[in-house]
Amino acid sequence: MDKNRCALTPPMGWNSYDYYDTTVNEEQVRANARYMSEHLRGYGWEYIVVDIQWYAHRPGTMREEHQYIPFSTLEMDGYARLLPDPERFPSSAGGKGFGPLAEYIHGLGLKFGIHIMRGIPRIAAHCHCPVLGAETTADRIADPSSICKWNPDMYGVRDCPAGQAYYDSLFALYAEWGVDYVKCDDICNTNMYPHRPYSARHEVEMLQNAIQKSGRPMVLSLSPGPALIEEAWHYETYANMWRITDDFWDNWGLLKNMFERCELWQSHVAPGCYPDCDMLPLGKLGKGFGAERDTRLTPEEQKTMMTLWCLFGSPLMIGAELTLLDKDTLALLTNRDVLALLNPALRPRQLMRDGEQAIWIAADGKAAYAALFNLSDGERTVGIPLEKLPLETPGRAKELWSGEERSLSGKLETKLPEHGCALYRLG
Amino acid sequence: MDKNRCALTPPMGWNSYDYYDTTVNEEQVRANARYMSEHLRGYGWEYIVVDIQWYAHRPGTMREEHQYIPFSTLEMDGYARLLPDPERFPSSAGGKGFGPLAEYIHGLGLKFGIHIMRGIPRIAAHCHCPVLGAETTADRIADPSSICKWNPDMYGVRDCPAGQAYYDSLFALYAEWGVDYVKCDDICNTNMYPHRPYSARHEVEMLQNAIQKSGRPMVLSLSPGPALIEEAWHYETYANMWRITDDFWDNWGLLKNMFERCELWQSHVAPGCYPDCDMLPLGKLGKGFGAERDTRLTPEEQKTMMTLWCLFGSPLMIGAELTLLDKDTLALLTNRDVLALLNPALRPRQLMRDGEQAIWIAADGKAAYAALFNLSDGERTVGIPLEKLPLETPGRAKELWSGEERSLSGKLETKLPEHGCALYRLG
Amino acid sequence: MDKNRCALTPPMGWNSYDYYDTTVNEEQVRANARYMSEHLRGYGWEYIVVDIQWYAHRPGTMREEHQYIPFSTLEMDGYARLLPDPERFPSSAGGKGFGPLAEYIHGLGLKFGIHIMRGIPRIAAHCHCPVLGAETTADRIADPSSICKWNPDMYGVRDCPAGQAYYDSLFALYAEWGVDYVKCDDICNTNMYPHRPYSARHEVEMLQNAIQKSGRPMVLSLSPGPALIEEAWHYETYANMWRITDDFWDNWGLLKNMFERCELWQSHVAPGCYPDCDMLPLGKLGKGFGAERDTRLTPEEQKTMMTLWCLFGSPLMIGAELTLLDKDTLALLTNRDVLALLNPALRPRQLMRDGEQAIWIAADGKAAYAALFNLSDGERTVGIPLEKLPLETPGRAKELWSGEERSLSGKLETKLPEHGCALYRLG
Amino acid sequence: MDKNRCALTPPMGWNSYDYYDTTVNEEQVRANARYMSEHLRGYGWEYIVVDIQWYAHRPGTMREEHQYIPFSTLEMDGYARLLPDPERFPSSAGGKGFGPLAEYIHGLGLKFGIHIMRGIPRIAAHCHCPVLGAETTADRIADPSSICKWNPDMYGVRDCPAGQAYYDSLFALYAEWGVDYVKCDDICNTNMYPHRPYSARHEVEMLQNAIQKSGRPMVLSLSPGPALIEEAWHYETYANMWRITDDFWDNWGLLKNMFERCELWQSHVAPGCYPDCDMLPLGKLGKGFGAERDTRLTPEEQKTMMTLWCLFGSPLMIGAELTLLDKDTLALLTNRDVLALLNPALRPRQLMRDGEQAIWIAADGKAAYAALFNLSDGERTVGIPLEKLPLETPGRAKELWSGEERSLSGKLETKLPEHGCALYRLG
C-alpha cells in the first residue's frame, strides 16, 4: 500500500478543536457532518475529524486550572485501547466504538478522522494491562520517562516488537471502526525535550507500519509543530502531513509568521506529502474554551490566509462550527478557482519576502499563478515585473477573489489594503 | 531552628549505595552500623544512611534491563507515604517503619539517615490517595509533567499549600522514626530539563520547611549533581550539603575532574553548608550491581581523594562494605591529623592548577596547611615558594600521611608518584 | 539575466586547492587546462578554477605556523581590488590581471573561474583606499567586526550603496578579465559567529547584484559549508551552488557522512541551483600542503563518491593534479552513463538509509535509476523490492560501472564489497 | 609583590566615562582631581581614572554613526604603545605621556588610573611595528581573529613570550608615568565569542605578570561584565576587581537587577578581590555622549544604590562631573557611617530576596549591619525577625542615612518608600 495514494491532494475537512476544545459530542459531530455534506462536499471538503480527548470522562470540568485534567479517568478497553466516552458518544456503547459514527459519516459521502495522543495510557502501565496480540503487559512497553509536556494521559511506547504490537492493535481497531484519517499528537515536535525534539521518531514509523498492517488506507497527520526541517525526509517517508507551526489561531502576527514557515517548507510539497499550516480559525470559534467568539481575522486577513494555504498546498481543516457559518465565510471556502490551487503539481515558489510584502508564484505545465501579499500595516502597492512570472508571454490575468480580468504589460501591480492580497491566474 | 547547627562540620558516615545498589536489607545495615560503632565512631564517623529504593518490592530483579523497575509495586501507607519494604526490613512490619532500626543505630551511638526521591509516588496520584493533614488528594498536588529522567517512581509536587502539607506529613513521619539525615534525590540538578536544571527549587524550600516544622533537626542533603553554581545562595540557604558532581566512582578521570569542581566551589564551604564531592568508593564495592569488586583507585589515588575531600571540606560518606574493610583502607579513614581538616574555619584555597599539578592551602588563625598534588601520569616534583604559604614565617612542616617532619627554607617541594599527593601541616 | 541559465546542469571542472593549496602558479594552471581540454572536455568538464590566495605574496612560506600568513602583503590596485600575484602569474603584469590567462583557457574551449574571499582587504580599510565609482573610502564600507575565523585578509562589507559599489567595481573587473565562475569564501557559513552563521546574507545579495550589473554571466559558488538548511530559499534565489559540508577530503568518515547531508538537501536540487558536496579528492593530492600523496579513498569508495555526487546532482570539481592522472581515475571521470545523471530533471530521492546501507532512486519521465550503497565495514547484500523502483514495470537493469545487464524479477539485489555500490539504469 | 595589597579595601574614585565618553581632556581631568582633593579625599576617595580612547585623534566626531571611529588614527610610539592624544593632553607632548598629569594628581594626594583596551593596535600589526625588548614585530604577536565586538582599535595578543614582552613594555611605560590603576577592557567577558566568553584568559595572566615585573603596585580592574561566575577563581587570582554587569546606568531596572548579581557574587568579596557593580551614575552625566543630563535615579534609588554597593563591598567609581556636584549628591558620597561598610572583613550576606524586597546583613566580630530594601513599585513595610540578625542580642539600631536610633524588640521593621531602603548599624 503506497501511503501517498490516500492523499493525492491536500486533505480538506473540519476539525472539532477550534470550536469545541475537548468537549465535542456525537450530536455536534453529526450536525457538522450534515452541513459539510450539504454545503461543502461538492467543493472537495470531505474529512470530519474528532479532535482531542474523545476518550476522557467529564473533560473541560476543570477549565480554570487545566485544559487536560491530570489523572482523570479515561474510557479504555481491556487491552489499553482508548474508547469513545459513551456519555458523549452514545452510539459507541456496547463496545462499538466509533463504528456507528463512522458509518453515519460515510453515509453522507464523507470521511471520518480521529485524534490520538502518541503512546499508551499511563494508567494502563501502572495497572499492567495486557497488550492484544503480544505476550506482554503495558508496563513492559511504556517508557516512564517519555511523556507529553502539555497532556498527562500517556507514556511513550518503547521501540520494540511488543510496542509495535500495541500500535497494531490500535489501528486494527480503527480500521474496524472505519477510520480514514488519524491525527497523532505529541509526535511531530516532542517539545518536552528541547535537545531531542524528534524523540519519538520510532513511533512515527510504528504508526505507518500499523496503518500498512491494518489494510485500510488512512491519512497520517502529525502534530504539533513546528516540524523540524532537518527531519523533512522522515516526515515525507512516513506521514502524509506534518504541522510546520505550533497551534495557529486567528491572530495577524501568527499569520504573518506563516509566510516565513512557508518559505522554509516550499520545496517539500508533493503528492501525499504536505507541510501543514494548521487549521483555519474562521467563523465561530472558542465555545469549548469557555468563550464563544467570531474569528478575529479581518476579511482581508481571511483571504490572505486562504490564498497562502491554497497556493502553498497546505491541508485545509476548518475550525469554525459549520452550522453557524455565515455567508461570507462560506463563500471564502467555496471559491473553486482558488481551491484549484490545491494540486501538488503546481509547485509553489516564493519570489520575494520582506517585512512589508511577499510575492509567490506557482505553475505546472498548464496553469500559472501569482499572488501578491501586503504584509504591512497600511495600504501598499505591490508589483512584479512580467519577466518574473512563470509564463513565457503572459498576456492576461484574472484576480481569483474578485473575478476581475486585466491584460498585462510591463508589470503586474496592484494597490492592496492592509494585510490584503491579490491572487492571479495568468494566461 | 537554625538549619546549620545540625552540621557544624561536614557530615561523616556510611551509605549503602556503592556496595548494595537498591538491594540493601536490615541485617546488612545493622552489621555496618556495628562496625562503625566499634572501629570508626571515635574518629568522627557517625551517620548510617540507607540509600535508594528501601520502599521497593523485589528491587534489582530486572537488573539487565532496569536499575529501577518501571511501574513496580512500592510499600506505601494510606497517605501516599512510602514505607520500608517489610521483606527486607522486617522490624518495620506492623507500621513501625524505620523506627526500630533507627533506635538500634542510635543505641550504638550513631545517627540514622535515609534517601528519598523528590515528589509523591506516581501510583498515588493515579489512585487519588488522600494527603494527611490536607483536604486534598494526591492527584491535585502531583505535577504530571515533573518526572525524574532516571527513576520512574515519583511525580514532582506542585508549589502550593497542599503540596507543603504532603512534605510536612512525610517529615513528621521521619521525625517519629528518629531520622537524622535525609538525602533527597532528583532535586539538586533536575537533569530531565536541560533548560531548567533547578526546576524543583520550590521543593527544596518545602523540604527545609517540613524539617523545621517536624521539630527534629535533620541534615538535608541534595542529589544528584552537578549543582549549579548560579544557585549557590539557594543551596546554602535551604540545605546542608549539595552534590557538585554527578555520581562519583573509583575512576582517576573523575577524581582529576573533581579538582576543577573544587576550584569552582571553594568559596562556598561554611558551617552547615557543604558542597559535596560524593561518596568515597573505597574497599569492596558493587555487589548489588551484580559484580563485587575492590576499588579501582590506586593507594596513591585514595590518599589524593581523602586529602582533597578533607582539605576542601566535603562531607565524607564511605561507599565500602564496612565489614569487609581491609587494614589499609581503615588506616586511610582514621588518620586524625587529616580528619582535623574537616573544619570550615580552615578556609580552603586553590593556589594553582593545570593539567599536571594542583596546590591548595588552608588556614584559620591557628593552623595552616598546604597540599601538593601530582595530577600527571608519571612521577613529578611539585613545589611552592614559602612566601605563598598561609603563614608569616613557616619554619617546619609535617607530612600528615607519612608523619615525616622537615624544616623549611626557600621552597616546600617534593617528588610525588603518579596521581599522588603530600599534605603538610605548617608550623 | 536569469542567474540559473549559466548552469542548467551542475558545473564540472578542476580546482587548484586540493593539490596546490595557496601556491598554484600560472604555468600549473595552464598545464591542467591543456589536460582538461584534451582528455576531459568531451565529457562535459569545462571549468578551470584558481583557488585561494592568488593575490598573496609568498604564500605558503610560513606553512608550519599558518596556512594564511597574517598581515602579509597582497597585490592590490588603487581601488582596493586584489590582483594576481605577478610573481606567480606573470601574464598579469602591467595591470592585465587574469585577462591573458582567461583568454588562454577560453582558447582551449574551457571556462575560467576564480576564488575570492568575502569583503575588502583589511589593509585597504586601514589605509583609507578610495572605492571606484563611489565618493567614499574603504574605511567607510569595511566593517571592523566582520572578519573570517580562518583567513586574516579581509573585513566584511557593510550593507550600504557604497558597499555595493565596491562589489560592482570588483565584478566589472572580473567581467573585463573574462571570468566565468566565482567561488566566494567565508560567506555560506560565517563560522566565526556561531549564533549568526549566515551573518553575511546581504553580501550574498550584493554579489549576485554585481554579477547582474557586470553584464557577464558568471556561476556564483558559495563556501564554506555546511550551508544552513533554513536558508535554502536564500541560497537558491541568489547563488548557483552552495557547499553543504565543511571541506571534504579523502576520508571514509566524511564520505559516509555525506549521505546524511544529501538526505537533507535532496529536495533542493534544481536547474541553476546546486547543493554542493565539495571537490573530488582523487588522484594526486596535497603537494601544496607540503606532502604529496595519492588519494586515500579505495577504488570502491571512489565509485561510491562519484555515484552519490552524480545521482544527487552535485557540482563536480576535480581535486587531482590532472597532468598526473592515472588511467583508472580517468576512467572514473569519463563514464558517460554515470555522468548522464547530472541532470536536475532526474529528481533524486533517498529511499532508505541506516548505518549499514543506503538506497537512492532518480527518475524523470524518460529514464530511471537506482543506486545501492554498502555503508558497512564488510561485504553486504543490499536489495530493493521492484515495486519501490521508479518505473511501472521494470524489466531490465544495467549496472553502469561494470556495464553488466540483468533482467529483473522479485527484487533488485546484489552483493557489495565494503563501502561499495551498484548503480543501475532501469528499463 | 602581593597583588591584593594595593587594594585592601574597595577602590574609591572618579572615572571620566559617564560624563565625557571618549572626549575627556587634561584640563577636565585636572579640575575633577582638584575637586576630589578638596571635597572627597578625606572620606577615602582617591582614584582619578581617565577612561577610554585617550590615545585617539578627534574622538567623538562621528558620534551619529560610531562611538569608536573605525580605522581612525591613534597616537602611538615606535613600539606599538599608545600615547595620550597631545591635542587633548598637552602635557604629554614630547614623549612625556601621562607622566606630568600623574605627577599633578599625586601632588593633590590622589592616585592616577587609566583605561586600556586588551591587545595591540591593529594598525601596528598591519605595519609590522617592532616590539620593545623582543626580537619580533607586532604582526607576529597579534592574533588577527581576536577582536573586540564594539571597539575596532586592537587585536588580541597571542599566548607566547613575545606577547608577554609587549605587555611588559606597556606596563614599564605606565610605571614610568606613575600609573596606580589600570582598567583593562574587552577582557572580563569577551562577548564577541558567545561560546568562549573568557577567551582572553591568558591576557589576564599576562597583565598581572607585567604589573609584577614593572615593580610598581597597580590595581588591575577588568571590564566589561558580566563576569563569569565559573571563572571566579581566575579573576580572584589575577585581578583586583572585575565587572559583574554590563555597563550600569541610571535606570531602576538595572539597579533592581544588581540585587541578583550581588546574590551571585556575595561569597567572592575579599581583600584585594572585588566583584565590581560598575560606576555610580550620579549628578551630571552624558555630556560627551551629546546630551548632558541629571541622573535619572530618584533620591531613594540613589540611596539604595549606595547602600547596596557599600554593603556588598563593590568598588565605588563616581560617574558625575565633580565640579558640578550638588549638595545632596555630595552628602550621599560623604556619609562616613555608610562608607565604613567598605571593609571586606564585614562579610555581606543576602538573607532573602524576591520581586518585592531584599534583606542583607553584614558583620565581622565587632560591627553588625542590616539593610532592608523595598524593590517594589510602591510603599512597603519590610522587616526581619531579630533572631535572624547577626548579633546575639541586638538591643539598638541606628539608621545610617537618617541618623535615627531605635531600640529593638520582636522585629526590625520599617515602612519604606518605592525603591527605598534602610540601613542599620546594630548594637
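Each chain carries a letter (A, B, C and D) given by its place in the written order, and its residues are counted from 1.
Assume a residue touches a chain if its C-beta (ideal position, glycine included) is under 8 Å from a C-beta of that chain, and two chains touch if they have at least 3 such contacts.
What you see is a predicted model; the values in this text were computed from it and never measured.
Novice: So which chain is farthest from subunit C, going by the mean of the CA atoms in each chain?
Specialist: B
Novice: Where the centres are mean C-alpha positions, what is the separation of subunit A from subunit D, in Å?
Specialist: Here the centre of subunit D sits 57 Å away from the centre of subunit A.
Novice: Quick one: report the Å distance separating subunit A from subunit B, using the average Cα coordinate of each chain.
Specialist: A distance of 52 Å separates the two centres.
Novice: Could you grab the centroid distance between subunit B and subunit D? Build each centroid from C-alpha atoms only and quote it in angstrom.
Specialist: 40
Novice: Pull out every residue in subunit B that's touching 2 or more other chains.
Specialist: There are none in subunit B.
Novice: Connecting every touching chain pair, does the picture come out as line, ring, star, complete or other?
Specialist: Shape of the chain contacts: a ring, since each chain touches exactly two and the loop closes.
Novice: If we use the touch criterion from the header, which chain pairs count as touching?
Specialist: Here the touching chain pairs work out to A-B, A-C, B-D, C-D.
Novice: Note which residues of subunit A are touching subunit C in the complex, please.
Specialist: Residue positions touching the partner: 229-230, 232-233, 263-264, 266-268, 350.
Novice: Taking the complex as given, what residues does subunit A use to touch subunit B?
Specialist: Touch list, subunit A to subunit B: 70-71, 122-123, 125-126, 128, 139, 142-145, 147-150, 152, 192, 194-195.
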